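Heads up, the next two complexes both have subunit A, just with different partners, subunit B and then subunit C.
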Partner chain A sequence: MREAARAYGQAFREARTLLAYTLLVSLTLFILAPFAMIALRSVGRGWFGKRWLPPELTLEWYRWAVEVGNIPEVLKNTVIIGGLAVLISTAIGLTAGWAFGRCRLPGKELLMALLLLPLMIPPITYALGVARLFYALHLVDTHVGVALAHVAVCAPYAIMVLSASIEGLDERVLEAASVCGAGPGRRFLHVVLPLLLPGIVASAIFTFTHSYNEFTLTLLTYGPHTVTLPVRTYLAVGDGYWEITSAMAVLMVIPSLLILAVVQRRARPERLVGGFKGA
Partner chain B sequence: MGLAGGSVAGRGPAAGGRVSGGGTRADARLGGLLLVPALVAFGALFCYPALLTVVLSFRPEGAESGWTLASYAAFLGDPDARRVILLTFGLALAATLASVLLSVPLALVLRRRLPGHRFFRTVVLVPLVVPGLIGALGLLIFWGPRGWFNLALTQAVPILTRPLNVDYTIPGLVLFYVWLYFPYTCVTTLAAVESLDPAIEEAAQVAGAGPWRCLRHVLLPLASPGILAGSVLTFMAAFGAFSVPLVAGGDHRPLAVEIYKQIVVPIPPHWSAASAIAVVMATVQVAFLAVYLRLGRRRGGSR
Partner chain C sequence: MIELRGVTTRYGSVVANDRLDLVVRRGELLTLLGPSGCGKTTALRTMTGHVRPTEGRVIIDGCDVTAVPTHRRELGMVFQNFALFPHMTVADNVGFPLMIRGLARAERSQRVAETLRLVRLEAHGAKYPRQLSGGQQQRVGLARALIYRPKVLLLDEPLSNLDARLREEMRFEIREVITRLGITAVYVTHDQEEALALSDRIAIMHRGRLAQLGSPEEVYGRPASRFVAEFVGLSTFLEGRIERVEGGQMVVAVAGGRLAVPARPGAAAGQPALLLVRPNEIELLPADAPPGDGVLDAVVEAGTYLGDRMDYRLGLPGGLRLRLQAGVATRLRPGAAVRLRIPHGRALVLNPSDDAA
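Coming up: the complex of A and B.
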């Protein structure tokens, strides 16, 4: 009798594990199969009709993507804009982060929530105003202009991440540096900055990813000289040559996946989701 | 670049001022000073554009001055517009419900830390970091008439002679939205489920509750604030979705796409009409945000 019960329990557990893995594997297929198809489409030739795999392999679409799609130029634009957005956002994040993390401010929570507001509202609702303002200031189709538009959504991330790491600084270390005779400049350069480096790196990764993927604000402020990868992909999807579009997508998705590897290792994934401190 | 320069200059006193532990008032003044770059950026890149949009929405179409409610009246009175609003809500709601149905079992499974769970945890995050447009492209190919889904379907069900239409349909859009936005629900649900004290579950089992009753009466009620907060995030993201319905929506245009179409399709662009729709959309979004914050506060308070 007990034997039977144990066998039943064993079978139940095994069935449960099997069910769990079925769920996990189908989810993985659901999420990753589209990428597999993009990758195959980008190297396949003559893939028509009912075939699981392309009959012929080719790198021609990549050549087209580079030559016709102008990917090197587009990549350069994307990286310049991303770099500028990271620089500006980090500067904003460090100053605001110090204010939030170390200073006693009245209405701190409210201010913080206010500054994070651009993350919580779809960019399209204020992108119209950004476009009108940038047209008036002749910032449209300049790297700085597009980067500034990105700062609207990147800076909140920097503020969020850097406030947390500045708040976590150990007061005693700073005092020790002060007691040992380090002036404000040296204290900042040799003590504060190295301690904050992981936070700054995390913030730079988040802001760069955001700028790299940013589409709405770019679409309303870009011009022929500032086409970024998402905009290029959008234009290519509209053109309908999906083989070339797939090749572009592969070139574009590699950095995102590298970033994911870093994020998974270094930062808490919940931060990607956003949300407020304590919420 | 002026912003960056200003904030670097403001950096010096930051390192020096605080360490010596000044009084509260000097502290607040320093804090205020340090907030200047953030506030300038916030004002110039968010507040002013938002205000400009509101002002534009009250201007007569194409005019630089004057006030009118015509754009709102035109949008809210148009039966097409009502369809757009309904579609936006419907898509977001359906995607949110499907995300919850997917996330709860997934969180319960991932919580068991089966071998390989780290890999699956990373997989869940993929849609969050990949550009939405690439996701949309892959989904269009995968679910398309020549994609693997239809290939598998026509082989599994021989009666089906023609591929099933998924791309550019409303159920297809819901599916794409789920792919894109369920991680929000999943991550928060997982965090909520994993932060529960195992002792609670053990107590339920000791008290004689089977796995199902334990789930229904103990785990889910305790995790529900997290699930709810994550669902609001998914709903907000789906409500504001732009790039995906732009390329994968076909004739189905939610609010965000409708705004964009107003300034690219007609010549000259309908700025006032687009702004009016943007204001309506932002208002709804802020209302959701208020709900989300309230949920967050309640959750914070109960801990």
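Coming up: the complex of A and C.
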């Protein structure tokens, strides 16, 4: 009798494991399928969806993307704008983070919620307003302008990560620095900054990634000199060249994957965002 | 050398320091002793400048530094949780104050090596704080605080994060280093044994005020109030009444017996008196000992075995209770009648209207 019960238990556990794996594989396929389709389309010729796989494989679409789509220049724009967005967001994150992490402010939670608002409202709702303002300020089609628009959605992440890092700083260590003779400036340079470096790196990664992927705000503030990768891909869709668009999309994903690979190996973001106390 | 003059610090309705007047003499080690919340840490942090007093002045070496920021006060501080810079090596930690002051690298290395030798850590210069034990980390903290010869060394419960045995070793080491350098030091602790062992003078604090300031012998032997008597060393109290005052003595009737003690100023017959006795100074007499000055009868209520001694609770006539410590050989059972004597001069009269703990 007991033998039977044990056998049933075993079978049940095995079935559950099988179910778990099936779900996992299905989910993975579900997520990866669109990318797989795009990747296939970017190397196929004469593929009109009637067969599972493209009949011929070619790399000409990539050549088209680079030559006609002007990818190198677009990539340069994306990186410059991303870099500027990171710089500005980090500055905002450090200053706001210092206030949130170390000062007693009345209504701190409310203030924090307000600063996170851009993340909760679809960018399209305020992108139009931003565009009008930028036209008046002659910021349209400038790298700084687009970067500033990105800061609206990037800075909140920087503030969140950096205020957590700053809160995790040991107060006594900072006091020790001041007793040893370091004024506020030197204390920041020699003690605060080195201790915050992991947090700043984490914040930079988040910020850059969000700027890199930002579409709506870029669309309404860009011009011929500041075409970014997401915008270029969208324009290619409009032109109807699915193959070239697919090639651009693949090119767009590669840098993200590289950053992800580096980050996962060197500094695990999940740990960094969680603050330092005890980490 | 360092002085708090009329320092009062308020946090909302809480008064952390209340009209504190304290002068630390050059070259002495003064301990701020008291229970949690008594204001000793606030007083120390007022000296460093991390706390701005609501009223009062801080004076270092004759100069009023109340408005001077922390980093310009030329003080050294050792922290309870060590507060070492985790991203720097031991050598860089210790050399940090010199680096800030712009000393050349060569001279810096030499001074760092010297100071590390002083705390017996010369072999650990290249290590990081996380690679060191608690005791070693605290020695690094001490080295870092001393390397630039500060005017005053401040220590905020430096041994509280170490285990008991290490605490005793480190106590001697810290005292030795301070004495060798002849530096003025202010030490904060809640451990009265530590305070008695280390200090030249002890300032006992209670609810933001100074309860007593004196040498360890004064504070233990002649406590100024019931609070001080209870906080430093073991104590047991008896309430009695003054029978008569003659010469410099007064005779107090207590628990069915009589005691002659030095007279308190303003004493008069009929007044209540509170006597303090140290439990380990009461003598147990054989049952047939003659009655006399300071001899009392009591009944044992309970006895606790403490390994090296017995701790008895005794009941006395009039509902009074006494605590007595005696050798393990005595082995008295509850209910036993005993005769004991409070030796002449070992009972202290306290002001009965004093602020109790």
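Convention: the second predicted complex is superposed on the first by the 254 of 279 C-alpha atoms of A that agree within 3 Å, B and C clash if a C-alpha of one lies under 4 Å from a C-alpha of the other, contacts with A are read in each partner's own complex, and residues count from 1 in each chain.
Going forward, a contact is a pair of C-beta atoms (placed from the backbone, for glycine too) under 8 Å apart; a residue touches a chain by one contact, two chains touch by 3 or more.
These numbers were taken from a predicted model, which means no experiment stands behind them.
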item: Which of subunit B and subunit C A:Ser178 touches, first, second, both or neither; value: both
item: Partner chain(s) touched by A:Asp170 [first = subunit B, second = subunit C, both, neither]; value: second
item: Partner chain(s) touched by A:Phe30 [first = subunit B, second = subunit C, both, neither]; value: first
item: First (subunit B), second (subunit C), both or neither touched by A:Pro194; value: second
item: Partner, of subunit C and subunit B, that touches more residues belonging to subunit A; value: B
item: Set of subunit A residues, in rising order, touched by both subunit B and subunit C; value: 175, 177-178, 183, 187
item: Residues of subunit A touching subunit C in the complex; value: 170, 172-173, 175-183, 186-187, 190-191, 194-195
item: Contact footprint of subunit A on subunit C as seen in their complex; value: 48, 50, 69-77, 79-81, 83-87, 96-97, 99-101, 141, 144-145, 148
item: Partner subunit A, residues of subunit B touching it in the complex; value: 1, 3-4, 7-8, 10-16, 18-20, 24, 27-28, 30-32, 34-39, 41-42, 44-46, 48-53, 56, 102, 105-106, 109-110, 112, 114, 116, 120-139, 141-142, 146-148, 151, 154, 179, 183-184, 187-188, 191, 229-230, 233, 236, 239-243, 246-247, 256, 259-260, 263, 271, 274-275, 278-279, 281-282, 285-286, 289, 292-293, 296-297, 299-300
item: For the subunit A and subunit B complex, residues of the former touching the latter; value: 17, 20-21, 23-24, 27-28, 30-35, 37-38, 41, 47-50, 52, 84, 87-88, 91-96, 98-100, 102-106, 111, 113-115, 117-118, 120-130, 132-133, 144, 148-149, 151-152, 155, 159, 174-175, 177-178, 183-185, 187-188, 192, 209, 212-213, 215-216, 219, 229-230, 233-234, 237-238, 242, 245-246, 249, 252-253, 256-257, 259-260, 263-264, 269-270, 272-276, 278-279
